[in-house]
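Chain lettering (A, B, C and D) follows the sequence in which the chains are written, and residue indices restart at 1 in each chain.
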Amino acid sequence: MIVLDIASVVLLAAGALFVVSGGVGLLRFPDFYTRVHAAGITDSAGAGLILLGLLLRTPSWETGVRLLVIMLFLALTGPTASYVLAFAARRDGVPIWREGDPRR
Amino acid sequence: MIGTHYVYWLLFALMMIGLYVVISHGNLLKKLIGLTLFQVGVFLFFISIGKVDGGSAPIVSDDVETYSHPLPQVLILTAIVVGVATLAVGLGLAVRIFETYGTVEEEDVLERDTTP
Amino acid sequence: MIVAVMAALLVTMVLALARAFVGPGRYNRILAINMFGTKTVLFVAVAGFLFGRPEFLDIGILYALVNFVAVVAVLRLTHYDDDLADDLADDLADDLADEPATDGEDRA
Amino acid sequence: MTVFTLINISLLAILVATALTVSRLRALYEAAMLSALFSLVTACLFVLLDAVDVAFTEAAVGVGISTVLLLGGLALTRSREAVTPRRRRLPGAAVAILAGGTLVYASQDLPAFGSADSPVQRHPLTDTYLHQSQEDIGIPNTVTSVLASYRGLDTLGELLVVFTAGVAVLALLGPLAHPVDARRRDDLDLVDYRVLRVISAMLMPFILLFALYVLFHGDFGPGGGFQAGVIFAAGFVLYGLVFGLDKAQQVVPRVVLWALIPFGLLLYLGVGVVNMLLGGSFLDYDTLSSDPAAGQHLGILLVESAIGITVAAVMTTVFFSFANRRATR
């Protein structure tokens, strides 16, 4: 049991780290496309690790199944939303940041 | 007082922001958004009255002792759906007003009505 | 540990909120809102474990789903906005006409 | 300061900040998007305040339906608000401050937040709903038993309001409201987004399955008719947004939707009438079976299904009305 606990703590800590760093990136990155990357990190790596960490602590299999379903849904919708957003922004001509440009 | 009533005060602030938008802003759609803000303040106020410290969701289970009150939740649950239904009617009216007057600003509409 | 994760989530929520307030433009906002949405999914999951009743995770599933609907709706319905140029001209006119009358603080 | 208080305060602060920003934004598309964020935070607060059923409804309604409707309404009108002139700000601010001051003054009489001996909690009904219901009705989710059984008549009234709103929107924006202009706009179908279409097509069955699960699992966990109806509608909205209205209306023809709106309400009323015919009072489900508890189960299931049907039909119809308006104008 102690192994599971340690694994869970490690996963949760890693997930929390990813989530916060993604949040900082969302605020600090210079343009929309780089921010998509930052937000994508929290949606996939951060969320996945936290949910895995919680999965190791589930009291019953029913809760576990629900966590797995949430992971599946996030894995399907998160990347799709990022892709569609970046694609639409490109089509609408949102400019790309280059070295030396002011931040927007 | 602060420790026990802060939730209510913050929710009152929320309601008043909504009320201000409804009264002051002239755009009919913005008024509807303001109405939503006000509404949410009221919903949260009702729910917070039913909450018990250390309580749990009112779904009975063997290993839980205290539950929050289910009645406010029932009232608000239905009120949310009714709220979105009335929002739809309001939006429908705004759309028809726009089609007739070409604007959704309250003052322009009134002006059009009073000048022959 | 779960408390620490919860704190991380709240901090991230505030960061995403700041991005949603600042913008600029629709795409930055909807990106921030989408990210906020996934954080609420995690919030529900973590809150369930924190307060000892993790069986209500159905709500998390719903959030993940509804968040996606909102993103699609924003993309689809604001694409319709072919009078965007019109809007901008209008905005400019507004600014010119009203600038002396207002203190300009209502432009967030 | 407990963990609960800290989370509660942070969420409330986020909520008020969002409300302030929404009220100051003049770009209304952006305001509508932020109101989606607003209802996500609200839903989190509902979870925190133990109202899981309400959180369920708020998430589905606030993010899935009302954002879509607001954006649809904005697409049909102006998306930019005029500057609020100074002379209009004063009355609003005065009323808000006066009303707020009155509320804060009156709140001194309110019981402390979370206290277990407030009048709400000490009222005899609390015990009826939380403990007696386990014998009367025998389902763990007391919210469902209060909603569908103890206060069934009240819920019937709410359903009637939803029904009326659906009819009103149809009258305002439906095909009978004014002759349809033959000139159709090119529907922007998000056709270029193949990934989006594939993923949405994959998700559709899961969404409908999830809605059914929510409907039938409402006795044991968060869920029920209102939630299931809204999730169904959100599924159809997603389908309509991604694949275009024509295709969505082939899947669920308008006439079927229009027939379903009153059908749910009539089913609800019908259950009540059958109860009366069986010798009970209106909406007294005990009469539906020889075993009262089984009768209650059956009655609640029927009533929840009726609610789900009407809510789903009304919400989908409303969305189609707004979207069609755009397509034909």
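We take it that a contact is a pair of C-beta atoms (placed from the backbone, for glycine too) under 8 Å apart; a residue touches a chain by one contact, two chains touch by 3 or more.
Listed by chain with UniProt protein names: A = Monovalent cation/H(+) antiporter subunit G; B = Cation:proton antiporter subunit C; C = PH regulation protein F.
Computed from a predicted model, the values in this text were never measured in an experiment.
Peer 1: Find the two chains joined by the most C-beta pairs in contact, please.
Peer 2: Answer by contact count: the chains B-D.
Peer 1: Measure off the straight-line distance from the CA centroid of chain A to the CA centroid of chain C, and report it in whole Å.
Peer 2: The computed centroid separation for chain A versus chain C comes out at 16 Å.
Peer 1: If you average the CA atoms of chain A and of chain D, how far apart do the two points sit, in angstrom?
Peer 2: 28
Peer 1: Could you tell me the distance, in whole angstrom, between the mean C-alpha positions of chain B and chain D?
Peer 2: That pair's centroid distance is 13 Å.
Peer 1: State, to the nearest whole Å, the distance from the C-alpha centre of chain C to the C-alpha centre of chain D.
Peer 2: Averaging C-alpha atoms per chain gives centres 20 Å apart.
Peer 1: Note the residues in chain A that touch 2 or more other chains, in rising order.
Peer 2: 73, 77, 80, 84, 88, in rising order.
Peer 1: Tell me, which residues of chain C touch at least two other chains?
Peer 2: Residues 13, 30, 51, 55-56, 58, 61, 65, 67-68, 72, 75, 79.
Peer 1: By the touch rule stated above, which residues of chain B touch at least two different other chains?
Peer 2: 56-57, 59, 61
Peer 1: Output every touching chain pair, sorted by label.
Peer 2: According to the stated criterion, the contacting chain pairs are A-C, A-D, B-C, B-D, C-D.
Peer 1: Spell out the residues on chain D that touch chain C in their complex, using ranges where they run on.
Peer 2: Residue positions touching the partner: 3-4, 7, 10-11, 14, 17-18, 21, 24-26, 29-30, 33-34, 36-37, 40-41, 43-44, 47-48, 52, 55-56, 59-60, 63-64, 67-68, 71-72, 74-75, 78-80, 82-86, 188, 190, 196, 200, 203, 207, 210, 213-214, 217, 221-223, 231, 234, 237-238, 241-242, 326.
Peer 1: Spell out the residues on chain A that touch chain D in their complex, using ranges where they run on.
Peer 2: Residues 73, 76-77, 80, 83-84, 87-88, 91.
Peer 1: For the complex, which residues does chain C have touching chain D?
Peer 2: Touch residues, chain C against chain D: 3, 6, 10, 13-14, 17, 20-21, 23, 26, 29-30, 33, 36-37, 40, 43-44, 47, 50-51, 55-56, 58-59, 61-63, 65-70, 72-81, 87, 90-91, 94, 98, 101-102, 106-108.
Peer 1: Can you name the residues of chain B that touch chain C in the complex?
Peer 2: Against chain C, chain B makes touches at 56-57, 59, 61, 64.
Peer 1: Note which residues of chain D are touching chain A in the complex, please.
Peer 2: On the chain D side, the touching residues are 192-193, 195-196, 199, 202-203, 206.
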